[in-house]
Each structure stands twice: as C-alpha cells, then as structure tokens.
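There are two complexes below, and they share subunit A, which is joined by subunit B in the first and by subunit C in the second.
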Partner chain A sequence: MDSEASDFPRGALRPRRKNMLSIHFTQLMQTLPFFLKGLWGTIAISGLSLLAGTLVGLIMGIIRASRYKILRMVIGAWVDLIRGTPFLVQIFIVFFILPEVGIQLEAFPAAVIALSNLSACFICEIIAGGILAIPSGQREAATASGLSSYQQLRYVILPQALRLILPPLVGQYVLLIKDSSVVSAIGVLDVTRVGWLTVQRVPEGLLVFGLVGVLYFVICYPLIQLSNSLEKRLTVVTTRL
Partner chain B sequence: MLETFNFRVILEYLPLYWKCLLATLWLSGAGLLGALVVGVVACAMRISRSKLVSKGAGIYIESIRSTPLLAQLYFFYFGLPSLGIPMSEEATGVLALTLNSGAYMAEILRAGVQSISYGQIEAAMSSGLSYLQRMRHIVLPQAVGVTLPPLLGQAIVLFKDSALLSLISIMELTRAGQIMTSERFMPAEGFLTTAVFYLLIYYVLKGISGWTQKRLIFREAR
Partner chain C sequence: MRCVVDMNMITFSKVNKWFGDLHVLKDVSLTVDAGEVVVICGPSGSGKSTLIRCINRLEEIQKGEIIVDHMKVHEKKTNMTELRAEIGFVFQSFNLYPHMTALENVILAPMKVRKMPRSEAEKLGMQILERVGLVIKANAYPAQLSGGQQQRVAIARGLCMRPKIMLFDEPTSALDPEMINEVLDVMRALAREGMTMIVVSHEMGFAREVAHRVAFMDDGSIIEVAAPEEFFHHPKSERSKAFLSRILTH
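Showing the complex of A and B:
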C-alpha cells in the first residue's frame, strides 16, 4: 500500500481506491461477529477487574486512611510503584516473569490480575482521599457517641465520603476499560486485538480501527457522561448542606 | 528467580537502555509540546462563542477521551498509509500521543479558565484594564494555580503512555525489555530493568510536581 501510494499521484489512485474501499467495507461487515466476540472479551476483562479492583481498592483505601503507619507506608509504596510504571510493562512482568517463579498463567487470568491490581491502586487513592476529606470532628463525635470503629466507618464516614468518591470512581472505571486495550499485547482476544488481526486481512486501517473506536466509544461515552452528571448532582448537595 | 538474576547481562545491555531512555524522553517531550499547543487551540475553540467551532472541538475531545490510546495509535499506524500518507513510526507515535494528550489538556485548561468567576473580569474591565492587562494580572495568575498541578499529572500520564509506542516497533524503553527477552530469553532482567528506568523518571516528575505545588500554595498565602 505504502509504495503504491508514493509511486502514483493521489488523483490517479482515487477511482480504484474508492472501489477497493467498498469491497473492504463489505469484508469488514462480514467480520462483524468476530468484533462482537472481541467486545465480549473487553467486557469480561474489564468487568472482572472492575469488581476485584473495587473490592481490593476499598480495603486498601480504608487501611491507607487508618492510623497504622507501617501498613499505610507499605500500601503507599506499592501504589507508587504501580503508578510509576506503564501498564504495558506491568502486564509483561505478570505474563513473562511469574512463570519463572513457578506460577504458570494463561493470558486471560494474567490480564485480569494485572488490570485489577492497577485499578485497585488508583481506587485506593480515591477512597483514601475521600475518607481523609471528612472533617475529623465527625469521627470525634462518632467516638463520643460510643460507636465502634467499624460503625464509625460504616455509618458516619463512608456515607459522607461516598459523595466525593463516586464521580472519580466512575471516571476510574472509564480509564480501566480503556486500559484493558493494552492486554491485547499479550494476545488476549479483546476489541483491539480483533482490530489488529482484522487489519492484516482487510488493509483499511481507518475503517477497521474506526470500528474499534466506535465500539469503545459506545461503552465509555455514557460512563463519562454519568461521571459528569454525578459530579454536578453531588456538588449541588454539598452546597445545600 | 533471584538467585539466577543475571546482572552481567543487564550491564551488557545498559548502553541500549541508555539509548532507549533518551528515545523515550524525546518522544514524550515532543508529544508534550505538541499536546500543549493542541490543548490551547482546542480549549480556545471549545469556549468560543461560535456554536460550530465549539461543537467541532467538543467532538474531537469526547471521541479522544472515550477511546483508548492504543486504538488511536493503531488507527494512525494502519490508517495513514492506506490514505496515501507515508509517515515514519516515530512521527505516527508522536502524532498519536499529541492528539491524545491534547484533548485532556484542553479539558484541564477549560476547567482552569472557567474557574475564574466572570465578576473578576468585569471588575478588571471597570477598573479600566486592557485585555492584555486583564490576562496578565487577573486571569492567568489565578488560572496557573488551578491548571498547573493537573497539567503536570497529564505529563506523567503521557510519559507512561509512550510505552505503547513499542507496540508499533519504535525503539524506546519497553522495546529494550522486549529485545532482551527475545535475544537472551531473560524477561525478568529485561522488563524489571525497564520498570526501574520508568520509576526513575516518574519520581523525578513527581518531585517537580510536588515542588511546584508547594510554591503555588506559598504564593497564594503571600
């Protein structure tokens, strides 16, 4: 394609290209089931990582905002390590290095582990930030009322912190879905991987990755809107209080 | 694993890593400069009074923010040649980084501009300040305080995202790890060394970010 384009002036190429484009378009439409399979892969990986990441991130965040200094530092250091390296490198480490210490992993579980770990670290920071933003008077009042530390967290701190946590949390889910495209690098069949495989047979990158982009857009755009509207609604509540 | 960890091989590959570190730095540096320019232009278009211009910038920003960088990278990498635009891998990579980060920067800048209440500008107008004076003394000093921390955060994201360029076979840090894995079959040594280099840059950038934040707070207090 490349040499062809440089040998001929663009005008001379155009009628043939238009013809090819329609052929490629029908070819692409025939591979649509394949794309749906990839879409399912993306949804499965991000869904599983979202659940695991939120759960682990919640626990890590609560510890990070607690008074146990050593635990706090350990989690902080781990979060920094994860935030300081690209996700691609992390996934290579999980996929290629864990087998060397005797943990044999398929591509799919490796992807889920790496992605859950990444999102847990980001969610941990969001949750810790939300908890620490609650004025200490609230906790003192709860202690004075005789609530146990679990009750304080459950009935006083978390319900208030949720207002601060929810909008960035949904934003984090969008990032997670987008980051899941990177797992295609180790051969997990997701939308990006399907696009990469298809473009080898249908040499029309704009069309193929345009379709890939549309599929991601359909999932991510509503979530971004949700995050924005949550932010607006929840700040209104804050000013009213 | 650790008892067989081969430091000699890492030493042998260190010149390659050094070269790749410089490549990562210049690729993300070029992307950052481009993204700032694109971000300023897209932000100006987004807040323009013309509906059409604002809508156009909105479509650009939203479509970038709703799709992964990797898909955008492949879109340009496989798409531009089929349009008859030959581009080197490096140029494609920098283009993708630029357009991707540009959209996020536009949003950050827009939030900064909109954080300044219109009353401030009205007050400056009624004090008889010209447009440039208003910008220089009223708007920008306040906007910088709001936008600089997230801009630096975006710069860190951009530099980490540059790892994806290894997937279109550009020589940079992650690629060095891949090369070491395929030539010597030593993924542990290769990718952990890569990670260490990324961490080094990350801590430097984080330090800069923390320092500016402290300075900003200090200035506000003054």
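Showing the complex of A and C:
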C-alpha cells in the first residue's frame, strides 16, 4: 500500500479516496437497519438499567441519608467499590465469573444487571446528597407537627430534595447511556457493537464510528438540554423560595 | 384572668442532658399548669431552647423525668407522634415548608396526621389563618412573605392541630424590629384564650404583660422562677440581676 501510494502523485490519490468514501457511504447506508437494531439495543439496555437503577438508587440514597449507621456503612462501602472499579471489569465479573459459581446469564440480562448496579450506585449518591442538603429545621418542623418518618420524607423532604436532585440526575443518565457502550464487550448488540461488526465490512472507521457517535448524540442531546433547562428552572425556583 | 384548672400540663423533674461532654441541662425541675404562660429567659447558651425542645423530644434527655399531658416523654417506648400532634412548636427561623403555600403549610399535619379530608382541612386552615390575620396570603409561598408574616403562618401551622400546648423558641429574635409586634400580638391573643404556653424569649415587655411566671436560666439550671413583677423589680439571685441590667439597659 505504501509503495503503491509513493508511485502516485499525492493529488492522484484524492479523487480515488473520495470515490471510495462515497462507495463506503452507500454501503453504510445499506447497513442502516442493522444500526437501528443496535440503537434499539442501546435504548433497551440503558432504559431498563436507568429505570431499575433509579428505583434501587432512590432506596439506597434514602437509607444512606438515614440514621441507620450499619446499613449506611454497608451501602457506602458498596458504592465506593463500584465507583472505584472500571465498568468493563464489573461487566466481565457478571458475565464470565458469576457462571463459575453457578449463575449463568445471557449477555443481555448480564449487561442490564451490571449497568443497573452502576446506575444505582451513582444515583444513590445524588439522592443522598439532595436529602442531606435540606436544612435540618425542615425535618424538625415536620417531626414537631407529628408527621411520621415516612410522611416527613414523602411530603417535606423529597419534594424539596427533588429540585436539587433532578438536574444532576438527568446529567448522570447521559453518562450512563454513554457507559452502556461497554456492554458491547460481552457481545450485546448495541450501537457500539454494530459499529465494530460493520467496520469489518465497510473499512471506513471514521464514517462508521462517526455514525455510532451521532446515534449516541441523538439519544443524549435531548437529555443534556433537559438537564440544562431543569437546572435553570429549578434554581430560579429555589432562589425564589 | 388565669384559668385555674388545677392540672399539671408539663412537669420536669431533675432533668439532665448532655451534648457529649457538655452538661446542658442540670437537674432542671419545673411545673407548668394548664392555661399557664411561662416565659423562659437567660443568656444565650444557658439551655433554654434545649429545655423546650425536650418537651416534644426533639432532644432526648439522659436523666430525669418529663411528663407532658400525662405521657412520659422520658421513656423511650412512649409513642411521641401522638403527643407531638398535641404540641405546637414555633421555631426561631420559622422553618416553613418552602415548596408549599401558606395554606398548604398549615393544613399538611391535619390532613396527614389527623386524616382530615382536604376540604375540611382547608376550611379549618382558612379560619386559623384569619386568626393570625393572613387570609389574603393563603396562597402565597413563604418566600413571598415577610419574616413577621412567615412566623405568623408558622404559629397558624401549630394552631391548626388544635394543640393543648404551644411552645415558642425565640419566635421574634430572627425578625426585624418593626415585625416583632405583629407576632407578639398573635401570641398575646393566644395567651388570653387560655393556651398553655412556654415561650423562650428576651421580649421583656411581653413577659411582663402576658406571662404568669418568668423562669430565669443560666448555665443549664433554672436559677429563679417568679411572677413577672417580682422577677423584674426584685430579682433574687445575682445572676438574674446581672442579666436584667444587661438586657434592660441595651
């Protein structure tokens, strides 16, 4: 290839490459349904994981901000462990190492479990931070008027904490959707995996992974916008209050 | 004037509390009758706020007994939710719920603790807001109210549970001077209606006019309990004399 290139004047290469590019582009367009399938995979894994992660993270966060010392420490240790190890390693553990102890999982559920766990850990910290940011006088006032712990949380603490939590929570969703690309490593058919498979047939990395990037961006951009506008709206509200 | 139902509403006997190594309440004993208004004064850090926060167990005590409306607050197994519903508590910094309107602040506990239907609670809430002169602000958020108005909403929030006791923890010390009176007026009216009240306050004019007794605290102990006239004109202990000269001449 090198010697061939040096035989040609530099300018001569360009039209040929341009030509190849357009051929590859056409080829790529033909694989579009495949990409849409990958896109669906990414959306399914991220969606399920964020849903599960939010639910579990909410419960973990509430406990982490509670007065149950031992539970708080257990959750804290788990969150640190998960945040302190690469997601790729976590997903390998779920997919390759759990079968050793008799827990056999398909790639898709393994991916959802690993990503849900990761989401839960990050979301837990955001929720706990939001709850702890509410002045203690709020809880005292609610306690003094006879509300139960659950009622305090439900009617006084969480509605206020949610204003603080929502913008970083949506921001975290964006990070997790991008992290979901790691699940391609265990063969789950998501956008990244489709990219890997396609680039073997359409040898134009820039084009293929450009498209992969665009597809992630299409999912993430509305969320980024949502996070920004929530931040603006809710800070206006909280400063007014 | 003083409605004498011969009944102890609140009894402290030899109450002791520590914050870590700090001994904040030292053998405090005090009895408050139903319908009585007691003003607690004393230098800051003397344990006044801690004392009234023990009444509804916002703070736990380590030694001694507190009996409120026949319930043993010092015993861990006592169900406090029930008792707290009978005790209105007004904080120095109002502590209104910022995400709720004045009316919603007032009716939250009646609806959730007393299980009152919303329509009924709203009717009651409006009545109570009328008593504190804030019907027109029913739909305002706390941030849209002045300090004095916020504190009146906070009092209404306590009253809406139809409590037997109202506790006030320095209710006017976070207020601008021109707003103090509107809050004191509401408290005066309450006292006249025979509410049992303990007020931690440096408002000596209010104490003189409304209190049945004044308790002076210093360094975690109650030094002196006396009728206002006696306390202000003939304080017994050196410490209360020193305190009064400081507070009355400023």
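Here is the rule we go by: the second predicted complex is superposed on the first by the 229 of 241 C-alpha atoms of A that agree within 3 Å, B and C clash if a C-alpha of one lies under 4 Å from a C-alpha of the other, contacts with A are read in each partner's own complex, and residues count from 1 in each chain.
In the analysis below, a residue touches a chain if its C-beta (ideal position, glycine included) is under 8 Å from a C-beta of that chain, and two chains touch if they have at least 3 such contacts.
Here the structure is a predicted model, which is why all the values come from computation and not from measurement.
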{"item": "Subunit C versus subunit B on the shared subunit A, clash or fit after superposition", "value": "fit"}
{"item": "Partner chain(s) touched by A:Val182 [first = subunit B, second = subunit C, both, neither]", "value": "first"}
{"item": "Which of subunit B and subunit C A:Tyr155 touches, first, second, both or neither", "value": "second"}
{"item": "When both partners are placed on the shared chain, which of subunit B and subunit C touches more of subunit A", "value": "B"}
{"item": "Subunit B versus subunit C as contact partner of A:Trp78, first or second or both or neither", "value": "neither"}
{"item": "Contacts of A:Phe34 with subunit B and subunit C, given as first, second, both or neither", "value": "neither"}
{"item": "Which superposed partner A:Ala141 touches (first subunit B, second subunit C, both, neither)", "value": "second"}
{"item": "Subunit B versus subunit C - smallest C-alpha distance in the overlay, whole Å", "value": "24"}
{"item": "Residues of subunit B defined as touching subunit A within the complex", "value": "1, 62-63, 65-72, 74-75, 77-86, 160-164, 166-167, 174, 177-178, 181, 187-188, 191-192, 194-195, 198-199, 202-203, 206"}
{"item": "Parts of subunit C lying in touch with subunit A, wherever the complex brings them together", "value": "56, 58, 81-82, 84-85, 87-89, 91, 93, 95-99, 108-109, 112-113, 141-143, 154, 157-158, 161"}
{"item": "Residues of subunit A that touch subunit C when the two form their complex", "value": "135, 137-138, 140-148, 151, 155-156, 159-160, 163, 240-241"}
{"item": "Subunit A residues touching subunit B - in the complex, by the definition given at the top", "value": "1-2, 5-6, 10, 13, 80-81, 83-90, 92-93, 96-97, 100-101, 174, 177-182, 184-185, 191-192, 195-196, 199, 203-206, 208-210, 212-213, 216-217, 220-221, 224"}
